[in-house]
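Below: a set of structures, written as structure tokens.
Same chain, two partners: subunit A is paired with subunit B first, then with subunit C.
Let's turn to the complex of A and B:
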């Protein structure tokens, strides 16, 4: 049975759901929309297109302390720090492209032995409400990666926005449990919710069939000699990319006491591969740009079966010099022949 | 695109083409079109085929001077197209001894200001298909009709506040000068912030900087951030922690801003590059304003021969800290 809730009742819904744990919503602050825990008075923008930063930080926080230590020269006491009450989160309003990206991270962090316990716990405890996307912008190209903007198969609840209401279609037990908590605000949808019509995005004339295999032997391809030239060596593309998942581990403290945390890191930074002793296997922008795009287009698909891009368009919107994955694929010959 | 800029692009191609194909320069830094008409991205032209792609339109916003740092390692002589801000960026690099003047050919492009796609869209109020320009106005074509707006209304913020649209240094000026812009109000938002109490101001910056991803795009795009090794990456001592804590965000942005004191050319590239719209120019301009008050008016990057106030010493320099 499909359910519905009037848009005017949403603030009450947010209040109710956030009592259970952090409720992440696309929230606008000073003109920028990002997923943030809901708070009284937050400007919730369910109508917004993808926020600048993808919701990956809910499962893979920008920084996370996982160990504390204390001791002296002879002994060291180590205490594991596990996620706090934050891990019972609800993620509300994720678009299908972003949810598919989270599933790509799942393969890395959960679907192997040993899995990553911090990520796994956050992910398994979270309830995800996906929101159908009806108005992609010129940078959206999720169709190319078989994402249906109107349907996210992995969601606990699939939501559709209409002018007056939000329709909710429960997909899992977790989803039902969540809706049960808000029973008083939600009613049965009398008629079939207006599912968004087929949503078409651009494809930039790309043709990806066979590209991953083709790239296996092209580590030294001359295309890499030009592609990196405009790269500024900043980390925007990696931090706004929903499928980038690298982190760094650091200690904060001194000999007597401190903590160990991990935080986002970017393969676009020179220090990412800096080794003790001074060697750096990726000394320059060329090696780093190649690494990032080969990771998306060849290494990830070789291991997990599909290209690590969902067409969310964030690198196209945010790169200060317009060096994005579409330009990379084109430079590597991934354009549809008839469009050339 | 406007007829005028097409003609101008043709002229630019012709002139730089003679130098590039004639071997006077080994590389030309210019712009080419991106995926869409509202994007122009850096072009690294080495031959005739590359030159075909060279574009000059109202979206050539990216500052090319910084690329000299890398390209001069590879090429004996590099040509670069410079707008007003790019030329000042070049002077900045020159004053920091990061580039050799005789190895760079500067082609000056007096700049009418670049257009902001976001603002164009807002004005259009619907799906914007294309624009055309004539005599200081821009016609926006949408699915439902056309609308004309003043060009000044749809400029990028950094261009609307630009004082020096004409290159201040060049070997050859390729277009007619625009003239220095008078009456530009650059310090309004700084003055507003100065009105706040310290606590309010702290809260303001804590909020703004909380969005910082520490992607360092502001640093990477910046003409005064040309240090071979940034304090951020130095690990002994470790100045900058990796954690995403408010204190660490303050550390980065304040050290960076102070390092730019008297050196920031006010090009606004940092703010443009920031993916989360942190108003970085307010930090830079506060320092520009203070420098002007303490040491007399100084415009970084305008005159490569004029020493930056904090890099010189005069016995009558104010000592603002010790006097307090």
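Let's turn to the complex of A and C:
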């Protein structure tokens, strides 16, 4: 059943949904749009393009304490910390590219044994409202990865924004339950929403067929010797990438009490693989840049059958030296040469 | 492994700590009821001392030892140093087991050639102990073990007395340089392996040691006629999770923590040599 809600009623909807659990929306603060928990007076920007940082942190937080300890060397006690089973979040307004990226993380954190219970619980408890994307910017190239900017198959509710209304199409039971709670604000849609069908994103002239297989033979390709040189090892590509998921584990506290947490980490950093004795299997930027791009273009596809990129364009927008995935694919033989 | 959160350790007790060499100590570690978990030779465990941190170590004892796990640990970083300094009875965090372990079923009925260097004997010892406990399942056992100096050899009483006395077992010891107290072979491990001239027929070679030693051992075995499928090694990488997610220890699409650390040379030849 298709439903609709007037844009003027959205603040009331936010208020109602946030009473059930954390409600994440694209919120603008100081000119930057990111998914954040809604608060009264928040500037919600459903019309904005993708936020600077993808919403992966809702399921894989930047930092997350999973253990507390107390006691000294002969009285150590360890206690698990995990998100409560009632922590039911709503992610509202995620674009199809970012939702597809979350599904890529699901394979690593849920499907691949042993699953990650912290991630899984958050993901299973969350209700996802995807929002059709009607005006991609010149950096967007999700079409290449078969993302339909107007449709996200994995959503609980698919939403379409028009001038006066937000159309809501429920896809799952979770989606129905969510809308049932806001019944008073929502009405049946009398007309079909104007779907932004056939949204075209930028064609960078890339050709991906066979790329993952070809890369198996290109680990020692001379292309790597040039590609990495401009890299500053700043790591921004990994922080803004919706399919990057590496983490670090650290302790914080003193001998008597403290906690163990994990936090985002980056394969672009020199210490990432540095061993205690000093040996580093990926000692320089060349090996690290190669690792990152091969993980996206060869290793992940070899394991899960799909390139780990959704064409969201964030690395193109953020990399200070334009060492983005489009440049990498071009350098590695993924440029369309023949006229097709 | 904790079913709900594989990153969550349990509390274990360090029963005692023995000095092996100037920079290697062996810790005997027990959970509340003996072994903290069941495992197979070649698997690893994460040991931690909060708030100093966590690091991965191969299990040195055989699973047939039921009282405790043993870890022979070289002092190289913050966690290993802190483990060295623990008093007997100290509590630590432990989680595991991680990794695939040695392919013991494929080794049954075969002659085994163990080649270890320095602390590299630690993971091999788990399998060696397992073979001695199931002696009739394996053929002849050769053990070549070397270190820089006699003082740097670990498990001295085992390598000199216990193991050579086991049935159908030969132990060959070597050190890098001449030493007045040393009566056995002098020379690097790979050269000694070549000199001993092991025959590859119905044999599996299992090697672990410093990367430079492994490199030349592989060349020596190749010259002796061992096929890549007959050569097995175990790798060491920096790890944080142990379950193939944190992103540090991959060789191409393979994660050393869960798909390794044990690989045949045939498998390694198919992977990027990023170790």
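The criterion applied here is as follows: the second predicted complex is superposed on the first by the 334 of 340 C-alpha atoms of A that agree within 3 Å, B and C clash if a C-alpha of one lies under 4 Å from a C-alpha of the other, contacts with A are read in each partner's own complex, and residues count from 1 in each chain.
Here, a contact is a pair of C-beta atoms (placed from the backbone, for glycine too) under 8 Å apart; a residue touches a chain by one contact, two chains touch by 3 or more.
What you see is a predicted model, and the numbers here were worked out from it, not measured in a lab.
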First, second, both or neither for A:31, with subunit B first and subunit C second: first
Which superposed partner A:235 touches (first subunit B, second subunit C, both, neither): first
First (subunit B), second (subunit C), both or neither touched by A:52: first
Touching partner for A:252 - first (subunit B), second (subunit C), both, neither: both
Which superposed partner A:279 touches (first subunit B, second subunit C, both, neither): second
Comparing the two partners subunit B and subunit C, which touches a greater set of residues in subunit A: C
First, second, both or neither for A:323, with subunit B first and subunit C second: first
Subunit B versus subunit C as contact partner of A:200, first or second or both or neither: neither
On subunit A, positions contacted by subunit B and by subunit C: 248, 250, 252, 265
Subunit B - residues contacting subunit A, complex: 34-36, 39, 41-42, 44, 62, 66-67, 70, 207-208, 211, 213-217, 219-221, 233, 241-245, 269, 272-273, 275-277
Touching residues on subunit A, where the partner in the complex is subunit C: 66-67, 69, 71, 73-78, 80, 82, 108-109, 112, 114, 116-118, 219, 245-255, 258, 260, 262, 265, 267, 272-277, 279, 281-282, 287, 291, 294-295, 298-300, 302-303
Complex contacts: residues of subunit A adjacent to subunit B: 29-32, 34, 52-53, 62-63, 138, 204, 226, 229-230, 232-236, 238-240, 248, 250, 252, 261, 263-266, 269-271, 285, 316, 318, 320-323, 326-327
Sites on subunit C touched by subunit A in the complex: 1-11, 48, 50-55, 76-80, 86-87, 89-93, 211, 236-238, 240-241, 243-250, 252-253, 272, 274-275
